[in-house]
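Okay, handing you the structure first.
As written, the chains take the letters A, B, C and D, and residue 1 is the first residue of each chain.
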Amino acid sequence: MACDCSKKEKGKKDIPKNAKIIKTENASISGKKTIYFDISFENPMPGNFCMVWIRGIDEIPLGCSYENGVTFQVVGDATAALDKLKTGDTVGIRGPYGRPFTLPDSNENILIVAGGIGAAPLGPLADFAFENETHVTTVLGARTENDLIFEDRFDRCGKLYITTDDGTKGEKGFVTDVLKRLNLAEYDRIYVCGPEIMMKNVFAICDAKGAIDKTEFSIERYFKCGVGVCGACCIDESGLRVCKDGPVFPGNMLKSTEFGKYGRDASGKKITF
Amino acid sequence: MYSVAGVELKNPTVLAAGVLGTTGASMLRVIENGAGGVVTKSVGPSPVFGHANPSMVALECGYINAMGLPNPSYLEFGAEIKKVKNGQKIGENSAVISSIFGGNAKEFVTVAKHLEKFKPDAFELNLSCPHAEGYGAAIGSNPCQVEEITKAVKDEVNIPVWVKLTPNVSDIGKIGKAAESGGADAVVAINTIKGMVIDIKSGWPVLGNRSGGLSGPMIKPIAVKCVYDLFETVSIPVIGVGGISNAEDAIEMILAGAAAVQIGSAVYDEISVFEKVNRGIEDYLNENGYSSVEEIIGLSHKLK
Amino acid sequence: MYSVAGVELKNPTVLAAGVLGTTGASMLRVIENGAGGVVTKSVGPSPVFGHANPSMVALECGYINAMGLPNPSYLEFGAEIKKVKNGQKIGENSAVISSIFGGNAKEFVTVAKHLEKFKPDAFELNLSCPHAEGYGAAIGSNPCQVEEITKAVKDEVNIPVWVKLTPNVSDIGKIGKAAESGGADAVVAINTIKGMVIDIKSGWPVLGNRSGGLSGPMIKPIAVKCVYDLFETVSIPVIGVGGISNAEDAIEMILAGAAAVQIGSAVYDEISVFEKVNRGIEDYLNENGYSSVEEIIGLSHKLK
Amino acid sequence: MACDCSKKEKGKKDIPKNAKIIKTENASISGKKTIYFDISFENPMPGNFCMVWIRGIDEIPLGCSYENGVTFQVVGDATAALDKLKTGDTVGIRGPYGRPFTLPDSNENILIVAGGIGAAPLGPLADFAFENETHVTTVLGARTENDLIFEDRFDRCGKLYITTDDGTKGEKGFVTDVLKRLNLAEYDRIYVCGPEIMMKNVFAICDAKGAIDKTEFSIERYFKCGVGVCGACCIDESGLRVCKDGPVFPGNMLKSTEFGKYGRDASGKKITF
């Protein structure tokens, strides 16, 4: 693997940088939001994440969805607090961290499969492909039309299939419904991010179609340190750390792992999906 | 095989508690990377989610963390110990040391008695975590409590008991003595050192817990001194930990008196640190005409 | 002018004890390089030649030293205090704080009463040196002795008394409280931290005294935590020292609660560090809309 | 001043390096000795010194008299212990430290004034001058013929005057006797090292002859840290540190200082010469 899993030089201080919010914008009608900072991430690669510290509340991992921005949905305390911040407010950010997606060549044909907020780390990959004139097909799913994000970003770089659970936009159903129909042999690489249950199904289809070797999945686990030391995010049975050896894993590295079956909460207790 | 305080280690490098020790699979990966033994994350009487993040950041010459002893409780953790005991390749037997904590002797005993069933090779009593109210260093800086808890666990279990000490005391030798009196088979020094880092742009202390424990290269001279002092004070083996990230560091700790070393934060740079350190120790022994690690344990004490 | 604990400083940066403080001329040079005050080397009841060399070496991220409190005794040192008091340019008045030590209250008082004649602006009681048997930290980790000695000196002198604390204790707040009860006008934290470095090629501990005290960048997070804790515990000013080598470090210490900072080891790189730090503090205040250092002392405590 | 007073990079570890003695040789008939190590100093400049750690005894400053050697006379514990060491024994060395002599240009005319063991740091200067074809005049003094060192080293690079207190070699008397006769206007630079009482007299003569601005003196004080922190070696009234701002000082920086009058012992107590 040619990727550089650890960007940080040995012995380099790496505490959260103070970042001022310079713009906030709705990413979806339902209120998923993108916030932009006055400082950019240092050489972010598509698939990298950052740790965003909402002071006094918590620090959480979010995908680097822009050079200087993150896109999130409110699910609990930290995201709710982040949602309330306004232009001029500050947070702490560190990163970019983690193993990114493998970048496609310009003559390659790629497939992007994104579910819900899972589109966040895939946005920069689409941008890269667009600039690089890579041929892109995207399957973008969400619960409803109002939950869709980055439609334009995926649309401009190739063919875009949209699915919504309720049919309010695109095809009624799941991304997997589209995936089943596609001839995966056409694609050199397949990139996936979304809810784990969705990714599990995508995995199964790709596997069945003999395409698993060209997949990369960006997965989520509970992060404490975020830098590969504490072990909170390790997956069974490989013992690989999602924060440092991932969050992007080739599909074949997820075979016979806990992926799609269970994860762990902050205490380390197993939580079945 | 390398025997320390009743534990058979594959080699003298051991994974330190709280680092990559949440799951059996993770510890097996560390063993594949050369560790002669692993200490599990510290497990206590009830589930703990730990402090809010940020829980660990890298500093110029080390790290600061305040995890807050997250663990799923002893009732959940046995399976992970079992996995790492049983998951090793045949013939490869890296030891598994179960780190445990509690607020008093009774809690320690409850946790130990339950986990002993899963056949760890030893217990390590965490009497040293600097950022968990009512646990760790809060108890571990009191020699009477250290002796009492050590004795209570020793009385109830049939495997070796190591006691991990905090450097945040005036005289670590005194605490080591207390552990020895309680029947400890070894002392482990050191846990992290109390510290704080403030982000001057915002004024906020950086950790979710505001303050935390320092680890990594910056604490090595403190750890070496503690190990040196303990070697002079106690007769049981001393296991050295704190800031080891290469063979030179490990050798320094061994010369100071460590019978084995533990490595924690250095996995930040490379999990294969264990392999690298072991190779380096071997080379040092060969180059200097020693035939075993035992010959150099505490050597510095003899040079006067 | 900047007033801290009864002492008028030219600015909030002060030379730490034991560094470039052997002679009046040396301290005047430090003042020319921007120090708002200087603390003399620690002076005791009788001449001390100090430990054998090596007495200080540079480490990766700090220093270790064991000077052993060399000093010509209080009977010889008055002239140096006088020189630095009288040698300053007209209108420039950097404070001179006389650091003293003794083995008990009586010795402290003898030294203080004599040196007071030479008109230092304050005394700093060294209850914290980690490598001088029977002195410093040996006494300074006992709250009763700290209170007794502080009180004894306070009773006999008419200038402010600062008490310098050791971080080598479980709870520095407790020692700070003892100093406050004894009547201290300020506490100074921290002195060096016990450590040891071994040369693995020869096996010898590197210092003449075998072990010593750590200073420099590596101890900053420990010092910040001590200052933070003291700020919560005592009502008298806290003076921050340990690992400060630039303005950011100084500001971090002030946010943690330091009313002024002392700088020691950083003169290794440049004596003009005082000037540089002062300029940086000014810039920070301006950029963030503060009009004085006082406004940011302990600011981190309010952010919750 | 163009010289680089501090050779060490910020934050670099600098503990004594283990050095094995590969050769010992008498530097004088009376037993002054040169010992050579298996490691060389890193870029030593003439006038630099090193700290030599005789383990279990003491660590003392000695001039770097060779790229990998020091030359010393026995005066007390540490030097006596050093004197007993044999080939194969080890010491710890750190350095080179301190401000060196200003190197002469090849077209310059220089005068070297060396007394006793004070010739040690001047040897490398003579070597440099020799290689550089600088024109050198040396006044080399010692108590007796048996105490002379580096005669050949100075001889080969120009004119050599020798003085001994007892007249056993060269002129009977002191280096100052020669100095008084010389026309100092002929020299671009004058380098001096020797017992302080000798240097005091050299200083007076150079000053009287209006030549003080071209002098450089290498002086000694009691060193503890050796690296400019502790203050043990500071001189009145400048407050300059002999270990870091020196040991070589231009003559004019020694005017109105304690130089030639007093120094301090290890406790900091003044000791009059």
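The rule we apply is simple: a residue touches a chain if its C-beta (ideal position, glycine included) is under 8 Å from a C-beta of that chain, and two chains touch if they have at least 3 such contacts.
From a predicted model like this one, the values you see are computed outputs, not experimental measurements.
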Shortest chain-hopping distance from subunit A out to subunit D: 2
Averaged-CA centre spacing for the pair subunit B and subunit A, given as whole angstrom: 35
Centre-of-Cα separation between subunit D and subunit B, whole angstrom: 51
Mean-CA-position distance for subunit C and subunit B (Å): 34
Sequence positions of subunit C contacting 2 or more other chains: 59-61, 197, 202, 204, 217, 303
Contacts with two or more other chains, residues of subunit D listed in rising order: 55-56
All touching chain pairs, where touch follows the definition stated at the start: A-B, A-C, B-C, B-D, C-D
Parts of subunit D lying in touch with subunit B, wherever the complex brings them together: 55-56
Subunit D contact footprint on subunit B (complex, rising order): 303-304
Residues of subunit C defined as touching subunit D within the complex: 18-30, 41, 47-50, 52-61, 63, 65, 67, 70-73, 76-77, 197, 199, 201-202, 204, 206, 208, 217, 264-265, 267-269
In the complex, subunit C residues that touch subunit B: 59-62, 64, 137, 141, 168-170, 193-198, 200, 202-205, 211, 214, 217-219, 221-222, 224-225, 228, 248, 251-252, 255-256, 284, 296, 299-300, 303
Residues of subunit D touching subunit C in the complex: 6, 8, 10-18, 51, 53, 55-60, 90, 92, 94, 223-232, 234-241, 264-270
